[in-house]
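Next come the structures, one after another.
Here subunit A shows up in two complexes: once beside subunit B, once beside subunit C.
Let's turn to the complex of A and B:
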């Protein structure tokens, strides 16, 4: 049979669920599922029976927490009778297929790779990342708050995915990116047929049309240029900080926010564990020193730091903004202290 | 509660929370909305984004006040003269809604006559607010087509709390700003389900749905349903019980989900009262300051471990579904009550919260159409909802007030029960910080929240701090006629000179050792907001 599958294939829509069912036998599966409250979230599924796979909505949260959990045990400790400590590292991951990742969420994982793997390799992240197969679904219909076209992290990606799906109405166009994606297509080749010239053209057309369907125009680059050129007035940060309700939701929901704190949790007098938990730069405790002094004096400065990090510092450090344009902070923030408002305020300056 | 019930006939938000977003002028009073009601604050901010004007009345420069177009920084406890002045200006400039007053209200002349006799300059000296600002606020509010008033405990926790509330209703009726969509008077409720607790008759003189215990018909109805004789005499208010003293009339108490050993004023009295009881049972999630004094403690299930309903500020009854099985031996509240009542010889037999809801619907007209199966479907129902086909009521008093005509109740300034003097020269205001909820029984279990706000602090104005020679982080003692606590200083521009602000979250600095036990004679709400105190730098 064809052991030399092309890197562009077609999967008929009828065969999607059978393929996922097959993959589920060999891998742990994480995909967008609509739950009983009507919310769509990434979920690990045991079986596809009775599970409502939802490929038409944006998941409320990205897949960040599968690679970088909100609360993660790093190791367990035990105090022996003679007072000595023994440690037991906790670091495990099983091969996992992430299906239905949107381009922004996948771009966010690529950003996390830079943070966790570029210099000192974080073993906890690395373990999960090496076991992850990322199958993305390009966005032919961007959602209400999306602006990934402005951050160059969508609606389709050029690289980074193992497989990228494009919905062509009756069929999916499946592009192979990295090696493990190719392995999936080879191993389950009976589900796929090689894409024709027309399929490729249809995919190109679909990706072009998607670019025209964004409902928001967010000029991220323009704001970055402005920030590079001058100090924007304090009034912007003051106004944003007056609206901030200090919930930390923006950092928790942001697929590229990777700050964490470490704490020890005793489970009994003899045992306990060291945990790492998501943190948020807008919290006062994020920068407060042990003696009570806080180098970031005011909420205003914390807000400023947060947006400069996304729009300026990451551009200087990594060559691109760490906002991936998913728009989730727009829905999350009670006070409207989101990056879309911030970008608009910067660009509206005289 | 009592205030709005007198003027409008119903003591709840007249609007839905969503409607605030469409208002043109929002008058926020005595509410640190950003910190204490984030879901309301977001609507206020959204309204401002759409061009609405924001007026804040508050002695503190809260973040909402900083965001406001007009901030009236009154001296604590001077709402009444401020509002009287606003109404006088509205009257003088003929911005009243004559038709509304004529068609929908009564007793306007009493208000008008009182306003004509007042002296505006005197108001300025009482409130400390320039007349020009008062005029601007009055005109803004009166000229709007749609205006809402949101108030919170800064209005009610005074000895004149009921009068305060009535004066806000006077202002709204004078300008016709009630009984429409996006327009009204909205008390913001604090504790989750405090609205529901009031609705269910957790008040001294009413049965569920505010049916008076004094009404023989209502009494007969509930007696028939519960197969027991019900007393005609109203029960006791909170402070009558917890301040009753060691030889008080109440000999035994069952306290459910409340921590009076931290939350009630003048804690010394509370302690003596509870110690003097023959029997005390407490039902709570954790072993609170009150629970440790109990003879019996019932472990209660948390919100995640039980099914039931919560009624929020906008009268919306919402279903809360059990997510996990109760941990350990804890039980949902209704099971605890049933077990207890069974042992006391009164069998209460309900199989589920849904069955209890059916009884509520049967006996409580405003909840008459609210059943669990209906609540399953959407985002809950807003009472009054009288039968199964009733869609619920987003805003109250459409076409007519619950009591018929809206009643103008003229009110006069009543000085706080304690005013600063030489010995106790400062005013202490108590309230809440963002990161903790009430007495901290739940929030002080979270490491992140502890990191954000770990201990008690007092906000001090920079000029006062200079006189005291204290810096940020220094320890100070605050002393009132009733007690002393030690807290850390935070120099803040949120309080004005002469005022201090602190919270009641922290058992190690129980601010209610200091607060006065004076209360509003009608609502019986304690004057938590004003105590005269002295502040000193603590020890070496």
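Let's turn to the complex of A and C:
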């Protein structure tokens, strides 16, 4: 074991699969995998044999559901005959390496950290998060709908990753971010060699060139400024709302949408589970109270609320938009009620 | 690998209904104590805060304290029938066990109430959280509170809730209650009209007064406007809002009001806090 590994190293491309195989012996692994339908999705990999790792395509979904499952049991409850009411929490977590996260999806995890780990921490998220090692792959070639440059969440990040990989053609440049990343490089040091000055220059060059390769220009900051100036008429929201079909797809696919509902699921007269499930603020029942009062009028106000949350309120609360520029809502929404269109409509106003 | 979770804020604590006070046909006050005696003794809260109430198979709902921490040993949650959970709660008997999580929320700014005249304006179940702060103030002689005026509107005379408290408050020096109903009845001798009509009779020195308001959203909107008109500064008008809530501590996202969360930044807000927000329901 080499104790003098630096925080910038090289992994030859033909060492990648052997490294992943070795890591798989010690950790649960989640990687972008192309399935038999030709879709690339993050998947838990039991064995790398016969596994089609795909580092060239955008995964159809982010890795959000590994830290924040779509459906999760919080606890089991039981009512006993003598009038007792007891609760038994349920939480599963396992040390897991996430490999091949794009910068946008990693930035989204950093946003989820802000939401779930406030003064009162969400213990279910915390357990999974503390057990996660995040190895990202910066994007040398942004995908069709990407605009992470506009949201400052890519194509490369300065921090937040445990390790950040850059594809330099025949080799990967591997930067250590957090301590767990450094530990991986130390423990498996024989797969890595220290990076040279030329390697660092090549990485810098690749990250610069990536910035010039975006196919879309989405002026998020400009839209935020117009919203701050209250310079956006209701007609924009009416127009967008007309095309919303209430499917919730945007919220489900968005890597930074973290709203959830909680409900009891009875299993018998005496037992049940309290579950949480993803929710969407565009659903009519999101703000509706018992008795029927709803402070948000569903049709126009819900869509407005969603975009104001992403483009204005999160800027005011957290200092930056919560959109990470992954572009997935563009393909998801068949009504075209995506954030790219919204930003364009806001900016087109005279 | 299963984990034992420390500090799990989603986990309810068992509490027993010691007594049920029927306030009217829609509202019951549940007097509760936690089953774990040590926990019950160390439990603390402030007026304006709320608990997430678990009823078996029904999930949870946020209910404000209607009791004051100056009278410890039990807590009161006054609940109006409105849906599945509250209906189920109303079917429970004394001795039944429910689940409670909390306390959550930002309380009434009780420090700011000292040495002030206090105007309380309540509509319907809105009197419940105000009952907590009214009794808190009445229990604290050293607070130096001045005149106390309680204005309370109900739909009909039969809907008047907290009758025992109203009688008790009327007996206190420097404390006056004025009631009104939207719709009278043959026996009703008192005021008829919305609670905003009672505001015309307010004779407090407004510059040395704080107003606390709670009721249905429409009522809050009109009362806040009228209080501003009477000369109350926006920072001296306090209200408490309701929202559909799931977690109670700022994670689930249901209670967002612009960038504020009603469960964490509220439910108590001043009119000044609300004017800055884009909350459409409070715009005239």
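Quick notes on this structure:
Keep in mind that, in the parts below, the second predicted complex is superposed on the first by the 345 of 350 C-alpha atoms of A that agree within 3 Å, B and C clash if a C-alpha of one lies under 4 Å from a C-alpha of the other, contacts with A are read in each partner's own complex, and residues count from 1 in each chain.
The rule is simple: a contact is a pair of C-beta atoms (placed from the backbone, for glycine too) under 8 Å apart; a residue touches a chain by one contact, two chains touch by 3 or more.
Everything quoted here is computed from the prediction, not taken from an experiment.
Bringing the complexes onto one copy of subunit A puts subunit B beside subunit C with no clash. Using CA centres, the angle subtended at subunit A by subunit B and subunit C is 80 degrees, rounded to a multiple of 10. The larger set of touched subunit A residues comes from C, when the choice is between subunit B and subunit C.
By the touch criterion defined above, A:336 reaches subunit B but does not reach subunit C.
Of the two partner chains, subunit B is the only one that A:284 touches; subunit C does not reach it. Looking at the shared chain after the overlay, A:25 reaches neither subunit B nor subunit C. Of the two partner chains placed by superposition, A:198 touches none, neither subunit B nor subunit C. By the touch criterion defined above, A:263 lies against subunit B and subunit C together after alignment on the C-alpha atoms of chain A.
Of the two partner chains placed by superposition, only subunit B is touched by A:247; subunit C is not.
For the pair subunit B and subunit C, the model built by superposing on chain A gives 12 Å as the shortest CA-CA distance. Judged by the document's definition of touching, subunit A residues 263, 288 lie at the interface with subunit B and also at the interface with subunit C.
Subunit C makes touch with subunit A in their complex at residues 1-12, 14, 16, 54, 56-61, 82-86, 95-99, 216-217, 242-244, 246-247, 249-254, 256-259, 278-281. Within the complex formed with subunit B, the residues of subunit A that make contact are 242-243, 245-247, 263, 277, 283-285, 288, 292, 334-336. Residues 34-35, 38-39, 41-42, 45-46, 49, 63, 66-67, 434-435, 447-448, 451-452, 473 of subunit B are the ones that touch subunit A when the two sit in their complex. Subunit A contributes residues 74-75, 77, 79, 83-87, 89-94, 115-116, 118, 120-124, 127, 258-264, 266, 272, 274, 276, 279, 281, 286-291, 293, 295, 297, 301, 305, 308-309, 313-314, 316-317 to its touches with subunit C in the complex.
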